[in-house]
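These notes open a run of structures that come right after.
Each of the next two complexes has subunit A plus one other chain: subunit B in the first, subunit C in the second.
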Partner chain A sequence: MKGILRSMGVTFSAFLRKPVTRPYPDIHKKLPETGRAFPILLWDQSHTEPYCTGCHACERACPVECMSVIMKDNPNHINNGGTSKRKKIIDKFWIDYARCMRCNICVEACNFEAIAMNNTWSGHETSVYDRKDLIMDLPQLLAQHRSGNIDEWVTS
Partner chain B sequence: MLINLLVVNPFLDNLLKVLSLVGLMTISAMSLIYLERKIAARFHMRLGPTRTGPAGLLQSVADALKLLGKEDIRPKSADPWSFELAPYFVFIPAFMMLVTVPFTLLLNVQMFTLGLLYLIAISSVSIVGWVMAGWGSDNRYALIGALRAAAQGISYELPLVLAVLCIAMLSQSLNLNVIIESQSTLPNILFQPFPLFLFFTAALAEMNRSPFDIPVGESEVVGGPFVEYSGIRWSMFFLAEYTTLLVMSILIVALFLGGWAWPFGENLGTFWQIMLTLLKTSFVIFIIFWTRVSIPRMRIDQLMNFCWKVLIPLAFLQIFFNGFILVLELPKILLSISSIGLLALLVVIVNKSIQNLNKEIVS
Partner chain C sequence: MTDIKKEIETQEILVNMGPQHPSTHGVFRMVLSIDGELITDLTAHIGYLHRGAEKLCETMDYRQGIGFMDRTEYLANFNAELSYVMAVEKLMNMEIPERAQWIRMILVELNRLSSHFMFVGAFGVDCGVFGTPFLYSFRERERLIDLFEEITGDRMMYAFFRAGGLAWDVPVNFESRVEEVLLSSEQGIKDMDGLLTQNEIFLARTKQIGKIDAIDAIDWGMSGPSLRASGVDYDIRKAEPYLFYDQIDFDVITGKNGDVFDRYFVRLQEMRESIKIIKQCLKHLNPGKTLAEGASRNLRTPPGEVYIRTEAPRGEYGIYLVSNGENRPYRLKIRSAGFSNLQALKDMVVGSYIADAVVILGSIDIVLGEVDR
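After this line comes the complex of A and B, so read on.
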């Protein structure tokens, strides 16, 4: 009998508290700083080119083989009358997001800090109608950092 | 002109009343389902439906449309007659109960002199529908659920009737309006708290609501008698369930909380009488939802023991005390004292039995 009254009290105190859930697509929970979504490539604003030199380090490190990298000579190199010190630059880059398991190994392997794990909601909400649409190419991978739409710590 | 027509033509008048009752039934069931989902969600610290319409208000409408559009499937081995007819046997009594429910002094469909007797009689008919549904489905879970519903419904009918009897003795009438009018100064809850507890418990069991939802427990009998039902027939069961919830709550208000009369007397306008009834009814319904989220499901033998060994003997004691006090015209305060004493006795008995149970487990 006392137990019944106590349980009624417990539920009523829960009734008076604020709900702990939120209407998800309308209101987003703040993501933790160390949370990681899919990897994206970073954009060097001072030379208007990607940081990535296409060195294949990440491709070789990737345990699920979700990356494909092709490099080329940098047309913007100092020897060619440009401003950049990068001799080689990325030509084509694909990441299959359907295959990626967000293990962070590519970020660890990168020598130029050119790749990072996305820590914004746009990295998590990648639903598409066709699986093929999850294979991201270079402009798509660069777009987010290029437009500056990214949390600070990703680049550091 | 419309009023003249209604006065002249009783058939038209009754047709209009029946139609408005059907409307009331549907709307109240839909809003009660929405409210139950919202309130239970708040008790769980969730949000409940939010996506359909503003604050999820249209969720019940969407559900109703979905149910209407679903296929009405009958299992091959089911008995066609009892399977197809069972929802009506549950639905029609619930509808008929609404006829004599006291909303206000004047605004009722039909006020019977023996209204309470009628309500009690009609409310137990739905058990037939439950058993028909369980038997006709040719499904073991459905049959177990139906027989549990029958056992529980018939057992808890007795405390319900005995609690009603206490009130009838107090106000010397079975007419609900007379009962309410007799409470215009002091509500019956002050004199009869134990019958209120009896009635509340028995009503929960009658409606198969938690903690007495053994017949429809999803984890034990996967939904009870309506395992095999789908679409419109399934929704009829639920319409009946929520209508019964509404009727039982209004009855509790009428019998114990003074209906439309207490605390403002009988001279209140009809609109305010409706508001008062609605307010009290929503309070009672809130308490029913509250018990639902607070108390876990009882076992069937505990349920039966509680009814036959505790509730019914104590109810007879209350009737005995009531008769004694009323015949000898002793002061009314004795009614309250005896009732509170019985409530305390109930607590003592339940605690004692729990202690004995614990001893058995230990030894």
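After this line comes the complex of A and C, so read on.
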């Protein structure tokens, strides 16, 4: 009987404490800047082109092979009358978010700091009706940083 | 008595428990043959969660394999990563920076706390105390997981340890945050203690049930808290110190009877020891590097083989690694504590009532991810 009363004492003291839950869809927890949702590509505002040169480093480092990269010659290169120093640039890029296991290895492998893990809530709340829609193409991957809606945190 | 037995003729029947049963902690199937309420035989079927993690790691380089270690032991990810990373380091003969070692120790012990909180909560549900301990322990576990998220960026699959150190340094407010979380964890342990340890109903459910003596436990190859509950004073942190456990003062908790209650109580006291360890580790934390000099992105180990074992929350988590000089393991074998502890289940369960089977299974604290790999 004593033990049971003691247990009930604990429940009663917990009843008096502050609640720890929050009404989730209305109030979001503040995410840490190290947060890792899905990888996105970064946008070089000064040359209006992606940082990514399509060097395949992330594709080769990916443990689950969720990326496909195709590169092309940069039409914006200085030799072609442009402003950029990048000889090659990304042409097509797909990341299959359904396969990605968010291990951060692509960010570590990248030599141009062109890829980063999305640390905002929009990265965590990716949801679609069809699994095919989780295969993101280049404009979708660039959209978030292009609109400036990310505090990037690159490890190196 | 004999007359009653003659009158009531009982028949053995087979009962399938699992794989889709809420109290089998994952996808585990027990085929129980029962005589009335008594269990006369048990056949355990495992392998429903087999993903071939060992074979997968043989196709990946050493850094890529770290992510898969998380997925084998998904309640104590840091401990699983630690074994794997230490095996690679031993093959490479690497010198690990001191700061990285201390941070590893803190994280591993914090992970032990969160794993044991999970155990206490789930075990309470197994005993029929629905809700209260589960929610209370999850409240505390959530605080620990929030801390892990701040450090590593992910709530469960950290992939934070690297061969040679850590992926990146911990945030600046690491020490104060750890102390803050430890304070709430201490309160959480006190809550759990008050809720369960002296509760008469809980004691009736757990005392003298699922007993296994020390000799049997050793013969079955049990390890960790489940072994220590039988009174065997064996902890790899003391027996074969790795990291800096030899510089730390802590006790190895042992039980007496080897019953379900002891397995619960050993874990509860172990959580207090973990807090003690973390507090001592925080004093040794000095600024410095967190990644060793020679740790390149694509490691190429010299040929050889190595076996590393560490004390994970469930017991000995060992990694046997064979290298033939490539940048990936030639063979990787995971010795998981849950798999070996589960073998003793038949010894514990046979002869007890069917309602106790769930409690006994819960007390071994299996994680099917590491049993099936």
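We take it that the second predicted complex is superposed on the first by the 138 of 156 C-alpha atoms of A that agree within 3 Å, B and C clash if a C-alpha of one lies under 4 Å from a C-alpha of the other, contacts with A are read in each partner's own complex, and residues count from 1 in each chain.
One rule holds in what follows: a contact is a pair of C-beta atoms (placed from the backbone, for glycine too) under 8 Å apart; a residue touches a chain by one contact, two chains touch by 3 or more.
Since this is a predicted model, take the numbers as computed values, not measurements.
Peer 1: Determine, under the contact definition given at the top, whether A:Q45 touches first (subunit B), second (subunit C), both, or neither.
Peer 2: Neither: A:Q45 stays clear of subunit B and subunit C.
Peer 1: Give one of first, second, both or neither to describe whether A:N80 is in contact with subunit B, with subunit C, with both, or with none.
Peer 2: Once the two structures are laid over each other on A, A:N80 reaches no partner at all.
Peer 1: Examine A:F15 and indicate which partner it touches, taking first as subunit B and second as subunit C; both and neither are also allowed.
Peer 2: A:F15 contacts subunit B only, not subunit C.
Peer 1: By the touch definition at the top of the document, which applies to A:S7: first (subunit B), second (subunit C), both, or neither?
Peer 2: So A:S7 meets both subunit B and subunit C here.
Peer 1: Could you tell me if A:M117 is touching subunit B, subunit C, both of them or neither one (first, second, both, neither)?
Peer 2: In the superposition, A:M117 contacts subunit C only.
Peer 1: Determine, for the superposed model, which of the two partners subunit B and subunit C contacts more residues of subunit A.
Peer 2: Of subunit B and subunit C, the partner in contact with more residues of subunit A is C.
Peer 1: Applying the touch criterion given at the start, work out whether A:P23 contacts subunit B, subunit C, both or neither, answering first, second, both or neither.
Peer 2: The answer is first: A:P23 touches subunit B but not subunit C.
Peer 1: Where on subunit A do subunit B and subunit C both make contact?
Peer 2: 1-2, 4, 7, 10-11, 14, 20
Peer 1: Note which residues of subunit B are touching subunit A in the complex, please.
Peer 2: 39, 41-47, 50-51, 290-291, 293-295, 347, 350-351
Peer 1: Show me the residue ranges of subunit C that touch subunit A in the complex, using the header's touch definition.
Peer 2: Its residues touching subunit A are 60, 63-68, 132, 136, 139, 142, 149-154, 157, 159, 167-168, 171, 191, 194-203, 297.
Peer 1: Which part of subunit A faces subunit B closely enough to touch in the complex?
Peer 2: Per the touch definition, subunit A meets subunit B at residues 1-2, 4, 7-8, 10-12, 14-15, 17-23.
Peer 1: Could you pull out which subunit A residues touch subunit C in their complex?
Peer 2: Spelled out, the residues of subunit A in touch with subunit C are 1-4, 6-7, 9-11, 14, 20, 32, 34-36, 61, 63, 101-105, 108-109, 117, 119, 155.
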